[in-house]
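The same chain A turns up in both complexes below, where it pairs with chain B and then with chain C.
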Partner chain A sequence: MINKGSKVLLEVKNLKAEVAGVEILKGVNLTVRAGEVHAIMGINGSGKSTFSKVLAGHPDYTVTGGSATFEGKELFNLEPEERARAGLFLAFQYPVEIPGVSNSALLRLAYNTLQTERGLEELDPLEFDDLVQEKIKVVEMDPSFLGRSVNEGFSGGEKKRNEILQMAVLEPKLAILDETDSGLDIDALRIVANGVNTLLSPDNAVVMVTHYQRLLNYIVPDYVHVMDGGRIVRTGGKELALELEARGYDWLRAAA
Partner chain B sequence: MTMSKEQCFEQLLLGKAIKSTGWIESIRVDALARAQALNFPSERHDDWRLTDLSPLFQHGFHQVDSYAQLTLADIEKLLIPGSIRLVFVDGSYAPLLSDLKQTGAGVTVASLVDRLGDAQVEAHFAKHVSSSEDAFAALNTRFFEDGAFVHVANEAATPIHILHVATKRETPSAIYPRCLVVMEPNSRAIVVEDYAGLNDGINFSNAVTEVVLKEHAQLQHVRVQREEKSAFHIGHCSVEAAKGSVYTSTALAFGARVSRYNLHVTEQGEDAEVSLNGLALIAGRQIADTHTRIDHAAPRCKSHQLHKCIADGSAHAIFSGKIMVHIGAAGTDSVQSSRNLLLSGKARIDTQPQLEIFNDDVSCKHGATVGQIDADALFFLKSRGFSEQRARNLLTHAFAAEIIDKIPVPSLVEALSRTILDERMKGSV
Partner chain C sequence: MSTALHNLVNQPYKHGFVTDIETEAVPKGLSEDVIRMISKKKNEPEWLLDFRLSAYRHWLTLEEPTWANVSYPKIDFQEIIYFSQPKPKKQLASMDEVDPELRRTFEKLGVPLHEQKLMSGVAVDVIFDSVSVTTTYKAKLAEIGIIFCSFSEAVHEHPELVKQYLGSVVPTGDNFYAALNSAVFTDGSFCFIPKGTKCPMDLSTYFRINTEGSGQFERTLIIAEEGSSVCYLEGCTAPQFDTNQLHAAVVELVALDNADIKYSTVQNWYAGDENGKGGIYNFVTKRGLCKGVNSKISWTQVETGSAITWKYPSCVLLGDNSTGEFYSVALTNHMQQADTGTKMIHVGKNTRSKIISKGISAGRSSNCYRGQVKVGARATGARNYSQCDSMLIGDRCEASTFPTIDVQNTSAQVEHEASTSKIGEDQMFFFAQRGIGSEEAISMIINGFCKDVFVHLPMEFAVEATKLLGLKLEGSVG
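On to the complex of A and B.
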């Protein structure tokens, strides 16, 4: 939902970044306001996944130029955990398995860390269980998944739903979904999309990084950005995604 | 005063003139002679060459002769609610801190010295741990003041907690914990041996435990070494498993500047089953050494071993696990696994799985791995708001939990888990 008067959450200016000495981002500009849904599309290697990892603070990537502010704070002065506590969330493209850490313990400890950050009371395991039982409905997940080790033995779709469950519990201001649709069958895609839609509000925002238009049938974007060669080369409304679907990315490259 | 290795040993030999009479007197006299002849192991001793004992040799250890008066409040954090409890303070039995109310019919939990007249004590004491080969075991046999005697002829209803507490003394203290566990045929019990200290005292706990499982007995033996980081700990345990018996050990080493645990299990009777679970979790300049040996001496016995070392800082963890399959031990089924986690570039882990097989018709597998904290998991946790230290603690605990969760005492599992998760966390979120 576009509301030009709403608060700017993320402001990225001329961002440049490299990995292992190779420049991947070559000047990215993006403004995200509260209430908005953005889609960043592009072919493999265009830099869209790098962009999401740089925003979250992945240690393999080095920012070499430009700036990013999150609610006015210099994002790149913050450690990854400080970004998370400030309300930034990355749903991982390849969620990691952590044997020996139960899903419920992870969620509760992460939740309580944010509660402390916000000056609120921590929840004990019983209180937290009440909260999480509500949240798992958002992603239609069986409660038995809470007692299992994080993502261990989960299918691809279950892992992605688990990422959205973490988002539901942590209630970020800005969620970046890095190819959350990849590897999902149509039912899982619908569940994940419904979950995200349930969590959207005028106070938060979502940036979806995706290769395919398919996800955008379920989570309707206000803006579609096309990334190519480490830059955003075209920005439009949701109809831009349909045009890409029909004509492919080559059309844009020829026009650029 | 800094001592030499020789002075340190001489000081230990001075010990305390413990009065004893009857059958045990000659055992004590022999043990002193053996200790004198054996002396400390040399740096070249094959079984000790990786274990740097030099920090131990710097102190002169004296046996305690006036005991600290502790209250239950002093040791509250160490207690296991609902257990049968035998407490020793600086090596001396503390009846006021002990709780034997839960001891049911067919179960004896008592001071060893009080039970020297018991035929089971005379039959088994010092018959299993060899004082003839090891000076530490010999010193214990000569100088132990008291110990635990556990005799189970039935099923023990609750865990038996044998808690040794070392207090802070003006001079470094030498403590000789002793334990004898005799499991009668078809009996069952959980025994928790627990070594802890107070207020960063410098003590040298030199412990000996002997365990006898008669036919079809089942023992779950938990050993927690959580001494102060300024302390020293050397423990010997010898287990004899008769026909059809089941012995499960879960041994954890968290504390002490230098620690060593020698565990020797002999499967004497056919169809015995042994599971050894081990964990050393150390940091700073700590050294933790675990030496185990399993002897398959009868047909169709099983042994299953999983040992984990986690070393942070510039700590050094050592695991040496020998499995001997003797002539006649047909149908042996043995699996041994050593898995290790290095948390820092300066830490060191040595692991030596060894198999010696003098028999056909056996199934023996072993393997060892050493890894580090997974960088992807670390970044994931940070992206969920966990500080670096807390994320590392969580992943460390996850690695350790596979062993800790095997302890059949939930309150102890919880207490130890909390310690790991909170370790070095003060001041960070």
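On to the complex of A and C.
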């Protein structure tokens, strides 16, 4: 939902970043307002995933130029956990397994950390269970997953749904979904997309990083950006994704 | 390894202070004369001196073991002080007579010596360098026939019991360090639970090495008679010295018919600095004998300290239907080396044993589980379950597992499971991205990893262990 008058959540200007001395992002510009859904598309190695990790503060990446603000605050002055507490959420492309730590314990700790940050009451395990039982319906997961170790022994699709469950519990202002659709079958894709749509509101925003148009059939973007060589080379509406699906990326790369 | 993880494992050691107290020591070095001197200082009976001397003569024929997965410069046994005690040495009639400096030391360590102050209802025996300083709640326990006192006192007050059981589980010639201990041991705890008595409170010994260059060689003997039960706790710390100190203890447990002994240790000897300078060499022999039918011995240990740990609390399951258990968390950081595990020797019929071992390695440390499950020909229906899990923090540490299974009875069932996991940057980033700082993340992971062991610790020990692991790991992940 585009509303030019709504609040700017994320403003990225001429962002440059490198990993192990190799420059990957070469000047990215992006503005995300509350209520908007953005899709970032592009071929492998174009810098899409790097962009999402740099925003979240992954330690392997070094910002070498440009700036990013999150609700007006300098994003790169914040530690990764501070960015998260400010409301920036990254759904991981490859969710890690945490043996011995139960899903519900993790969710409750993360939730209560946020509550404290926002000056709200922490929930005890019983109160939290009421909340999480509601949230888990959003991703159609069996409640038994709450008692299991985080992602341990989960299928690829279950891991991705678990990411969206975390998003549902934490209610971020800006969620970046890093190839959340990859490896999902059509049913899981529908469930994940449903979950995301349920969580969308005029106050928050989603940036989806994806290779494929098919996710965009379920979560309809306001903007589609094409990334190539570490820059956004084209921005359009949802029809741009359809055009990419039909024509591939080469015509854009040639034009760029 | 990134800095958050790194900072988390590298908390300074907070027990590293030295107490300024006058001590009386025998000259360094080991000989029959030194042993006679120790025995004389302790006013020991002839049979005990003979026990020491025969152990010493046997020790001279033994070679220092080299099979463990640890390396250290050769120990010069003539450079060690074998006996050191706070001065003046006199019989203490009450707790109030304890040297105030000494009392402050233990208060600093969180061990109150005042019975009134003992909130938790735990009886404490305190060993400072070589000597038992005080034993609390002794009189109250004596009313129901429980003997809980220093080893030296037991030698004088209950010689028949000491004579009967000393060396009955760990013979003097058992191994190099057990033989050394048998020759020079100075004090320790003695505990006797009579027939049919459930010990109403936890018994605890707190060990402290203070004098630089001194070794600590204590001896603990616990006897649980028919149908009795006891829960025993042991804690250890030492000051920070640049030199290494040797700690070679022997612990013997005897459980008669239907008796139950639960022995818990939180070991936090000084581990040396981050470059491996200083620290305790912890070469300990601990063994329990399930002598009677339906007896049970359970070892729980949380090993976080020492430069080198060489320790295998074991159970000999002699009585039919007896049970042995070993629950262990061993954490190594910096340059620490641990080679620890257990032996479960099934002799009687339908004997059961269970081993849960959790090794956590950080820094450049090496952590090794070594275990033996042996089922003898007569042990029909014996069962063992072993689970050995290792966790690596960072990428410069090492974990290894050496299980040995030796089964001579076809009806035995033996299971062994093992796993290795790693706390890496990706996990820490995941936690951070969910708003959780590295310290909380580590403590959550560690507690999750260790919970199968922590549930077997007494409540206040479990809390202490959790805190201790968090402190020890501060700075190692991230």
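Keep in mind that, in the parts below, the second predicted complex is superposed on the first by the 256 of 256 C-alpha atoms of A that agree within 3 Å, B and C clash if a C-alpha of one lies under 4 Å from a C-alpha of the other, contacts with A are read in each partner's own complex, and residues count from 1 in each chain.
Note that in this section a residue touches a chain if its C-beta (ideal position, glycine included) is under 8 Å from a C-beta of that chain, and two chains touch if they have at least 3 such contacts.
None of the values given here were measured: they were computed from a predicted structure.
Student: Evaluate whether chain B and chain C can sit on chain A together after superposition, giving fit or clash.
Tutor: clash
Student: Is A:Ile2 touching the first partner chain B, the second partner chain C, both, or neither of them?
Tutor: After superposing on A, A:Ile2 lies clear of both chain B and chain C.
Student: Looking at A:Leu106 after the superposition, I want to know if it touches chain B, chain C, both of them or none. Which is it: first, second, both, neither?
Tutor: both
Student: Once the structures are superposed on A, label A:Leu120 by its partner contacts, choosing first (chain B), second (chain C), both or neither.
Tutor: Neither partner.
Student: So which positions on chain A get touched by both chain B and chain C?
Tutor: Shared contact residues on chain A (touching chain B in one complex, chain C in the other): 56-59, 79-81, 83-85, 89-90, 92, 95-96, 98-101, 106, 109-110, 113-114, 117, 149, 166, 170.
Student: Which chain B residues qualify as touching chain A in the complex?
Tutor: 374-377, 379-388, 390-391, 394-395, 397-399, 401-402, 429
Student: Under the stated contact criterion, what part of chain C meets chain A in this complex?
Tutor: My answer: residues 2, 419, 421, 425-427, 429-437, 440, 444-445, 447-449, 451, 478.
Student: Residue numbers of chain A touching chain C in their complex, please.
Tutor: 56-60, 79-81, 83-85, 89-90, 92, 95-96, 98-102, 105-106, 109-110, 113-114, 117, 149, 166, 170
Student: Quick one: in the complex, what on chain A touches chain B?
Tutor: Per the touch definition, chain A meets chain B at residues 56-59, 79-81, 83-85, 89-90, 92, 95-96, 98-101, 106, 109-110, 113-114, 116-117, 149, 166, 170.
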